[in-house]
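Multiple structures are listed underneath, in structure tokens.
First chain A sits with chain B, and in the next complex the same chain sits with chain C.
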Partner chain A sequence: MITLEHYLVVAATLFSIGLVGFLTRRNLITMFLCAEMMLQGVAINLVAFARYHGNLQGQVFVLFIVAVAACEAAIALALFLTLYRRNRSLDSTDWQTLRELGVPPAVDTEPLPPAPPETPDIHLPPAGIRPALTTEEAARV
Partner chain B sequence: MSSPTELALTILALPLLAAILAAIFSCTPFRAAANWPLIGACALAAALALILVGQIASATGSRAVSDAITWFQAGKLQVHFTLTIDPLSAIMLAMITFIATWIALFSTGYMHGDPGFGRYFAIMSLFVFSMCGLVLANNFLLLVAFWEGVGLCSYLLVGYYFEKPSAAAAARKAFLVTRIGDTGFIIGIFLLWKLGGWHTDLTALFDHIQQNRPDEATLTTALLCLFCGAVGKSAQFPLYVWLPDAMEGPTPVSALIHAATMVTAGVYLLARCAPVFAISPVAQCTVAWIGGITALLAAFLALGQYDLKRVLAYSTVSQLGFMFVALGTLGAIHPAFAVTAAIFHLFTHAFFKALLFLAAGSVMHAMGGVIDMRRFGGLRQLLPITHITFLCGAAALAGIPLLSGFWSKDLILEALTEASESASPYTAAYFVLLGVALLTAFATAFYTFRAYFLTFWGEQKVPDEAGHHAHESPRIMTIPLLILAIGAVFVGIVAEPFTHWFSNFLGETPSLQQAAVMAHSPVPEHHFNWSIALLSSLLALGGVGIAYALYRKGGPEELPGGVAPIFALSRNKLYIEDAYEAAIVEPVTGLAGLARVCDGLLDAITRLVSSLPRFVGQWLRPMQNGLVQFYALSMTLGLVVFVAFVMFRVAR
Partner chain C sequence: MSLAAVLAIVGFTLLLPRPRGRSVAGGIAALLAAATVFVVWLDTVYGHPMADRVGTVLFWLFSSGALVFGTILVVQRNPARGAIAFAFVILSTCGLFLLLAAPFLMAVTIIVYAGAIIVTFLFVLMLSQVAGPSNENDRSREPLFGSLAGFAFAGLVLFTLYLSTSPQSAAASAEGAIPGPPEQRLPIRVLAEEERKALREAVARLDEAEARLGPEAGSRDDRLSYFEAIRDMIATVVGSSIPTRDGSLRLRLEHQPTQPGVAPELLRKDEQAQQVLHRADRVQQLNDRTFTAVEGHLIEGKPDRDAVRAQLRALREEVLLLASATELPSRTVANLGFVLYSEYLLAVELTGVLLLVATVGAIAIARRKGATP
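What follows is the complex of A and B.
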């Protein structure tokens, strides 16, 4: 028999993992995923309680959370993209230049391993040259 | 363009247009041409005003009131833009535009090369516009608007040399002192508005008061409040102190604003309100007394002054006092006669006083800005035209027989004689005032010729500042002098004594006839009073004679023993200004100081409060270290503490 407590334990675990991940990781995308994980933990919590109380309020709320999380993901990823373009890095500590004037910068006690050499972006073939069709495609056309 | 209303509107619009043009010119390379709009507008307006006078004279008793355009309204207060064209306003309009034309021409020479040339002419044009509007307005609030307009222009022009602290102070003084009078003026207008059936149009208001005679005490209060405005604007006792200081402005300004036109606005106001003044003997008597006191006091103050322009300024105050004395006899004799006497004196005074000021300006121009009579003298040969024209003006002002000043002063003395023999309850007062007026006439002749002799007679003496300027002024300045000199000599004899053209013309003014009906005045009879005329001529000649005896050798002034203290008293302005300083200015300054201290205290408290957030911010600022993890951690820890707190409180 799966009771409310089981759900709550799962939710709490999920939330804690997310929180710890958020606080310890420096990669922006990882931090974002952790934040999402915390959100899902909360969502499970809400659904569990909705089920327990036998009403739909929690579930409706969760639908909203999911919708908001989708928007948030779109915005956050767009922001990360621009940040990456500026610094060629997803390290969140690179942005500590935004601190108050006069505060000394935080120094890494364990520096990150040196970044691998950048591989050139994959480009599409120049316009005007059509890729050759396979026989199967040609048959369909 | 043929009806009086359209003519009046055109006359009003011309100087406004000139003001706009001059203002535009003054910010373009045409700056040196900024005088032409004013000259052209004034000349054209003067021509139109003469046509207007002709039209009014041919249609006897005509009063044209323009269609009422509602300016604004609030409840019972309805304010219309209406103009009234009757003999009184027509003659004023003609006088203002005519004098302004010549003064504008004179200014062209006088202000030549001044850095504020364009500004000067723009403000002068605005002044002529406001003055024409003031004369034409048929609505009390419209009148106030133009009244303040001329006050503003006066302020701007007195403070024309605003880099000079004394000029700035004089402008401020002129503005503030007249403001005291204007406060009373506004109160008076609203009292009259209440008494006059909530009308603000002059004609409607007077008609209403004629039909429903108000309580006399209330009416008198309203009229005395109204008179306060006139006292301030026309520099009467006790608010005359601003006018002598206003001489800090350029001299043509003194000629136009502080001699010929603006300062006569108070006289005009009372003449315009003759129907209501006619039914309040107390108000009339007050007006007459104030006028008499001012006339004598100012004449006394003019005796000892060394500043040529100040002598003329005090003389203006004194002559304005004369006009108010004449207006004070309004109800005792036929109102038309009293108003004619006052307005005729205003009319001739405008000519000779403008002339005297312009001549003084010419002297000042030649002397390189020096106006102290102790520092120059014997300018007869140096400035021949200025000398002759100044002599004409001085003789007219002194009341030498057959010159214009003689006739107008005589009319006032006659009015006073008649008033002292009338059925008025205050005949004794009028008799005393007659004596005061005669004494003033004597003093006027004396101080005018004292100034004349000190300036033009004796050994030639030129101050160092004059430099290469010490020669007769250019023709553009002497021609206006000559024209005005001709006016000062002949305008009196042409307009009044033999033809009675002026009094007949002005007597047709509907509001004056209305005043006569309201005061139940007897029909006026013109008879030239030989004894009064003889007495005043003798006094005038006596004054000139004494001045000749004392000053024909020119400066430095040598006074017979015993008179010197009196002159010293006059030079010190009877210590009246010092008394004002001690009684009014210093307490107010003290109060202002106290207010400043309180203000500083409040400011300190406000600053203390506002420095608190800044201090806290200073303390918390290092938290902002730019690390997202740090923020998240502090948020989590804070949340943990908060949740723990809530949980344990709830659990307990």
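What follows is the complex of A and C.
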């Protein structure tokens, strides 16, 4: 028998995974998706309680959560666009000049791994000219 | 439990992207070990859920899906793949909603999240695609402390849950040592099974009762006794006022609560039990009034047949509502709409205003500086 507690445990775990992501990731969009995942954890909680109380109040709350999440998505998207236009990056640490007074800035000590070498473009022979055959190819023809 | 948390911390620390020391294989192994320990713990503490096979399998499928894809979202380097993983989290959550009898919420969540938010963010990600390693995708902020904070939080919540539901605490509160809040022992069965059955039987008989009002349905005494039987059936549960006596519902709830593990004062304070008692009082009054009218109609023909029929119908509705109290109604969507537009009308209006303000705000914020309108 799946009990209320099973759902509560899943919801709490989903919430805390979202919390870890929100605290550690630096990409603004990933942070936002993690916050949405925390909201999903809360929603599971409310629906499970609604089911076990036998009323619909919990489901109504979840509807409002969804509406607020949609508003939040619209505003967050607009803010991310503005921030991205300013310095061409979605890194939240770029904005650490906004931190509190007296807090040391976060400094990245480890260097980033080198970018993978770009694969050279393939050069096709110009159209209309027959390429010269190598000796091996000539032997096969 | 703490072993699972420690393993999860190790796994997340290893998997979170950073330039050096990231070990995907070790991280996945640690997370798998954490999940195994966690499932074993859940199984031993909350029992083996094997009675309802399909529901059980679906529950484990959806909940593990949500947790696994949530983990992928957190540890994934590529934000576009993270967004896809988030879509799968949403789908799993929607499966859980369906298991919890919330089909409308499932549809709304899929449409709003998977349909709107994910697609919008994929567009933004495409616009801001960076080539090669970058600060925002390949570095994490304090991987160890972040996972520590998150899982310490989870551990605290689960530990509190465990304390409030463990067998020892239930036994202790049954003895009256720890009076806990009522939501710990859900669902409280306010209506006993036989009471529910009697009420449903009364509803079935009320369905046929309208045909028996006319003289063609048998002698007057037969019809009178038929209606009296229905009245008594309802009165045994809700009580009656003509010979003043309590129904079994009030007796059981207020005077001799027999529910195992639920203290008497707990049941009396329970809001749901109070609501059911209130409804039972209404049914009792209606029951007495209706059958007085029926007797009057059958003996003297005083209230005419249409009025009596209307009263019988009203009684039938009320009894049906009482019989299905504390159960989620089968027409969830219709009832959700009803609740939304009666009890929460103001909140719905406020949400509409909020959406409008958000739309205007988003456009105002995202407008390019100096762009000609």
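Going forward, the second predicted complex is superposed on the first by the 104 of 141 C-alpha atoms of A that agree within 3 Å, B and C clash if a C-alpha of one lies under 4 Å from a C-alpha of the other, contacts with A are read in each partner's own complex, and residues count from 1 in each chain.
Simple rule for what comes next: a residue touches a chain if its C-beta (ideal position, glycine included) is under 8 Å from a C-beta of that chain, and two chains touch if they have at least 3 such contacts.
Here the structure is a predicted model, which means the values were calculated and not measured.
Taken together through their common chain A, the two structures put chain B and chain C side by side without a clash.
When the shared chain is aligned, chain B comes close enough to touch A:95, but chain C does not.
By the document's definition of touching, of the two partners only chain C reaches A:71; chain B does not. By the document's definition of touching, both partners, chain B and chain C, reach A:106.
More residues of chain A are touched by C (comparison of chain B with chain C). By the touch criterion defined above, A:18 reaches chain C but does not reach chain B. Contact with neither chain B nor chain C is seen for A:83 once the two complexes are overlaid on the shared chain.
In the superposed pair of complexes, A:42 makes contact with neither chain B nor chain C.
In the superposition on chain A, A:26 contacts both chain B and chain C. Between chain B and chain C, the smallest C-alpha to C-alpha distance in the superposed model amounts to 7 Å. Shared contact residues of chain A with chain B and chain C: 19, 23-24, 26, 92-93, 106. Looking at the complex, you find that chain C touches chain A at residues 12, 16, 18-20, 42, 46-47, 49, 51-52, 55-56, 59, 63, 66-67, 70-71, 73-74, 76, 79, 82-83, 86, 89-90, 93, 96-97, 99-102, 104-105, 108-109, 112-113, 116-117, 120-121, 124-125, 127-128, 131-143, 146-147, 149-151, 153-154, 157-158, 161, 165, 183, 186-187, 272, 325-329, 332, 335-336, 339-340, 343-344, 347, 351, 354-355, 357-359, 361-363, 365-366, 368. By the touch criterion stated above, chain A contacts chain B in their complex at residues 19, 22-24, 26, 31, 92-93, 95-100, 102-103, 105-106.
Per the touch definition, chain A reaches chain C in the complex via residues 1-10, 12-21, 23-30, 32-34, 36-37, 40, 43-44, 47-57, 59-60, 62-64, 66-75, 77-82, 84-85, 89-94, 106, 108, 110-113, 115-116.
Note for the complex: chain B touches chain A at residues 621-622, 624-630, 632-633, 636.
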